[in-house]
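After the structure tokens below, expect a handful of questions from me.
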Amino acid sequence: MLQKPVISASEAAAKVREGDALMVGGFMACGSPHTIIQALTEKGTRNLTLICNDTGVHDLKSGRVTGVGHLVQKRQFRKIIASHIGLNQETQRQINAGETDVTLVPQGTLAERVRAGGVGLGGILTPTGLGTEVEEGKQVITVGDRLFLLELPLKADVALIKAKKADRAGNLVYADTARNFNPLMAMAASLVVAEAEEIVEVGEIDPNAIHTPGIFIDALVQAERLEG
Amino acid sequence: MLQKPVISASEAAAKVREGDALMVGGFMACGSPHTIIQALTEKGTRNLTLICNDTGVHDLKSGRVTGVGHLVQKRQFRKIIASHIGLNQETQRQINAGETDVTLVPQGTLAERVRAGGVGLGGILTPTGLGTEVEEGKQVITVGDRLFLLELPLKADVALIKAKKADRAGNLVYADTARNFNPLMAMAASLVVAEAEEIVEVGEIDPNAIHTPGIFIDALVQAERLEG
Amino acid sequence: MEYVANKDNIARRIARIFKPGNVVNLGIGLPTLVGNYVPEDVTLILQSENGMLGLGPAPAKGEENRDLTNAGGAPVTIAPGGCYFDSAMSFGIIRGGHVDYTVLGVLEVDQEGNLANYKIPGKMVPGMGGAMDLTTGSRVVIAATLHFEPSGASRLKRRCTLPLTAVREVNLVVTDLGLFEVMGNRFFLREYFEPYTPEWIKARTDAEIIIPNDCRPVVF
Amino acid sequence: MEYVANKDNIARRIARIFKPGNVVNLGIGLPTLVGNYVPEDVTLILQSENGMLGLGPAPAKGEENRDLTNAGGAPVTIAPGGCYFDSAMSFGIIRGGHVDYTVLGVLEVDQEGNLANYKIPGKMVPGMGGAMDLTTGSRVVIAATLHFEPSGASRLKRRCTLPLTAVREVNLVVTDLGLFEVMGNRFFLREYFEPYTPEWIKARTDAEIIIPNDCRPVVF
């Protein structure tokens, strides 16, 4: 089994290019790759499209910012695809000011769209969003006497994800609710960098306990920043 | 967390009724619930529809039969949905004799259809089977400049699955390649009985290592027959 | 008779709907209160859409696990027999009909069973998060809400005016005035909180309300 | 010149196509032989569609694990760094384009890149198993087959006559006569096995064969 390179957070950030579609794992910053996010914030790469469950927290009063909220704050995104932005007041401000294009996607649909991108489906039919604004512009497919929305796959140029443990072959194990979108995004991007709290030798993880097979992972980063 | 009943194999078999759609886990009998299969063979319930990856082995010369092949041999199915029947000569014979209606489904499509049934999707779009006999009678959906087959969800009345270990809440862990269709079928049937080699107390399985959440499981059976 | 907002009554009444072993998703905010009132002999399996079954209470100060939060990002614990999974599985559980009850707050709910809770155009666009899937997929959808908006208008409408979260998915509405069942494009007042009376409630509610013969006061 | 069937030559030539780290699925039968000839310095990651990456060699007698088989149901082992998953993930890997090469046997393959290997109507209906997904999803599809049917007809056709497994998905065909690339609805003979000559091969093959200037003998 070939070993995957272990690179620095700034090397990981350098793999994200102007204009890229970028998936970032995490749910309200739980399970986000904070070390790489910090490096990407410092690098300041712009015109990115973000695909993420949410945009973390940004409280304009207290100044508290978490997760990909740091990248939003530096206006590195021209477009955001997320299910929830309610706790990030800066995202809300950017929408109202017309600075950033935000598309809201139901969370379960977002998960299936990312999965579909990873597993080669041309789309999935879901009842979620029928009869709501989410239906706008979409094919409605009839199956028997039921209607469904056709939701299309999402793919990205780069996915930045976070694991609890990785082996050198790139096999990943996540912890608790920090799993969330990480295993889905691992499948759906051309280049995938996984930040891990612990990087162990090949063979040290039970093959039945691996959540993400190493073949999806292009490089590993040792996590240094576990919150933020 | 409520405990799930541990029942006998014959009690499990009695839950399958004449005419039921029945999912059975396993891949060439690896990971099949052999103890329950034996009980159901003895009970002889008929007119069932089988949904299974394959029909195991049945070598008419040697008389060797494995997995759901035992049920095929007793002609308990009027319909079989599977991806492969090549090593079961009795299934082949029943097709040729017009005794059993067999629908062949590409294996990846079968997996996604069972998953779709379990996770509430109205269908999935796959490129697999386009331009082949698999396309017959199906909606072809255009997305951009690509064509896909619309494949519909599969559900069952009863699923009989096999785990390595279960806790009393029904949480399951599978071993090695004996996992295969078991976790998918666990989600897609009205009633799910899991046969397990080991049944432990709640709390004895790491919540991050659980493959199938206990909420899907209605009853457990202690495995006694591990092959066949 | 004067109206006094009472969130706890809503939570207490909803808490008595469940049976042991039910799989329940409690939304952030008012619905979270429901957890405080579930009878001791009713063990629920709480689903949290960020990826767990067996959601437990908040940890003691200093015992927080940064990898274990609820859907609002707050630290929680896991109950014995619980487990973790990814977001596709989490919403597979939800969309697939494996959640018995979802309890969620609303901005508006109408007598057709529509609800609105994710967007006030031009004002607030928090996003639907998991709400659209939860309302579409759960077997029973319970809207938990104060009966009146701050302006005094009832949140129970003939027709929602805000962008919908889901169409015809609400089964029960529990407010601090009573418990309403949505049936045949009407609200049926099944129970009411004393000292309010069915007539008082009907008079102050925008939507059409049916008062069946067996309508009765809530008894705890 | 007399034709002598030679499966090993097919396997040996295919085995030299891969680069270290490639994810490869080898079908049951002839393709399985390929594993015997992969150079020692080329570590492949073998995918087995019944649910594993890191397929290892057969276990020693008495060391079989009944929970660990290949897609044919035969006992195997797992290589270091390998892992297990369910059938949805397995075919997600395949359909999603994460398998670099799939090698599979065929009954017929044609110059448009179509292949047939799962059904002879009225005679044999084993089912497609994973073959349709493997040919549709893998980045490069290699058909591995003896050049001739038992009847003497070539398996490389202008147009398949049997029910198709996949349409226009075959990239390479390796037979015991040579290595053919499918391009622009033709077979390009890139390499041939001596003592056969390109002209000899072309004369005995049903399909249209282009012999490019740089066509050369296979050298091991």
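Letters A, B, C and D name the chains as they come in the text, with residue numbers starting at 1 for each one.
One rule holds for everything that comes next: a residue touches a chain if its C-beta (ideal position, glycine included) is under 8 Å from a C-beta of that chain, and two chains touch if they have at least 3 such contacts.
Treat the numbers as computed from the prediction; the structure is a model and nothing was measured.
Trainee: Tell me which chains count as touching both chain A and chain B.
Mentor: Common contact partners of chain A and chain B, which must touch each of the two, are C, D.
Trainee: Please work out which of A-C and B-C is bridged by more C-beta pairs in contact, and write that pair.
Mentor: Between A-C and B-C, the larger count of C-beta pairs in contact belongs to A-C.
Trainee: Using the average of all C-alpha atoms in each chain as its centre, how far is it in Å between chain B and chain D?
Mentor: Centres of chain B and chain D (C-alpha means) sit 29 Å apart.
Trainee: Determine the centre-to-centre distance between chain A and chain D, using the mean Cα coordinates as centres, and give it in whole Å.
Mentor: The answer is 36 Å.
Trainee: Enumerate the residues of chain A that touch no fewer than two other chains.
Mentor: Answer for chain A, listing residues that touch two or more other chains: 112, 115, 120-121, 126-127, 174-176, 179, 207-208.
Trainee: Give me the residue numbers in chain D that touch at least two other chains, ranges are fine.
Mentor: If we look for residues of chain D contacting two or more partner chains, we find 52, 78, 84-85, 88, 91, 94-95, 137.
Trainee: If each chain is a dot and touching chains are joined, what shape do you get: line, ring, star, complete or other?
Mentor: Chain contacts: none of line, ring, star or complete; other.
Trainee: When you check every pair of chains, which ones turn out to touch?
Mentor: Here the touching pairs of chains are A-B, A-C, A-D, B-C, B-D.
Trainee: Touching chain B in the complex: which residues of chain C?
Mentor: By the definition above, chain C touches chain B via 20-21, 23, 43, 45, 52-54, 78-85, 88-89, 91-98, 137.
Trainee: Along chain A, where are the residues that touch chain C in the complex?
Mentor: Its residues touching chain C are 27-31, 53-54, 57, 66, 82-87, 92, 95, 102, 104, 106-112, 114-115, 126-134, 164, 174-184, 211, 226-227.
Trainee: Within the complex, which stretch of chain B touches chain C?
Mentor: So the residues of chain B in touch with chain C come to 1-2, 115, 118-121, 167-169, 171, 187, 202-203, 207-208, 210, 213-216.
Trainee: Touching chain B in the complex: which residues of chain D?
Mentor: Interface residues on chain D, with respect to chain B: 48-52, 65-73, 78, 84-88, 90-91, 94-95, 118-119, 124-133, 136-137, 163-167.
Trainee: Which of the residues in chain A end up touching chain B in this complex?
Mentor: 112, 116, 120-127, 139, 141, 143, 146, 148, 150, 152, 173-176, 179, 206-209
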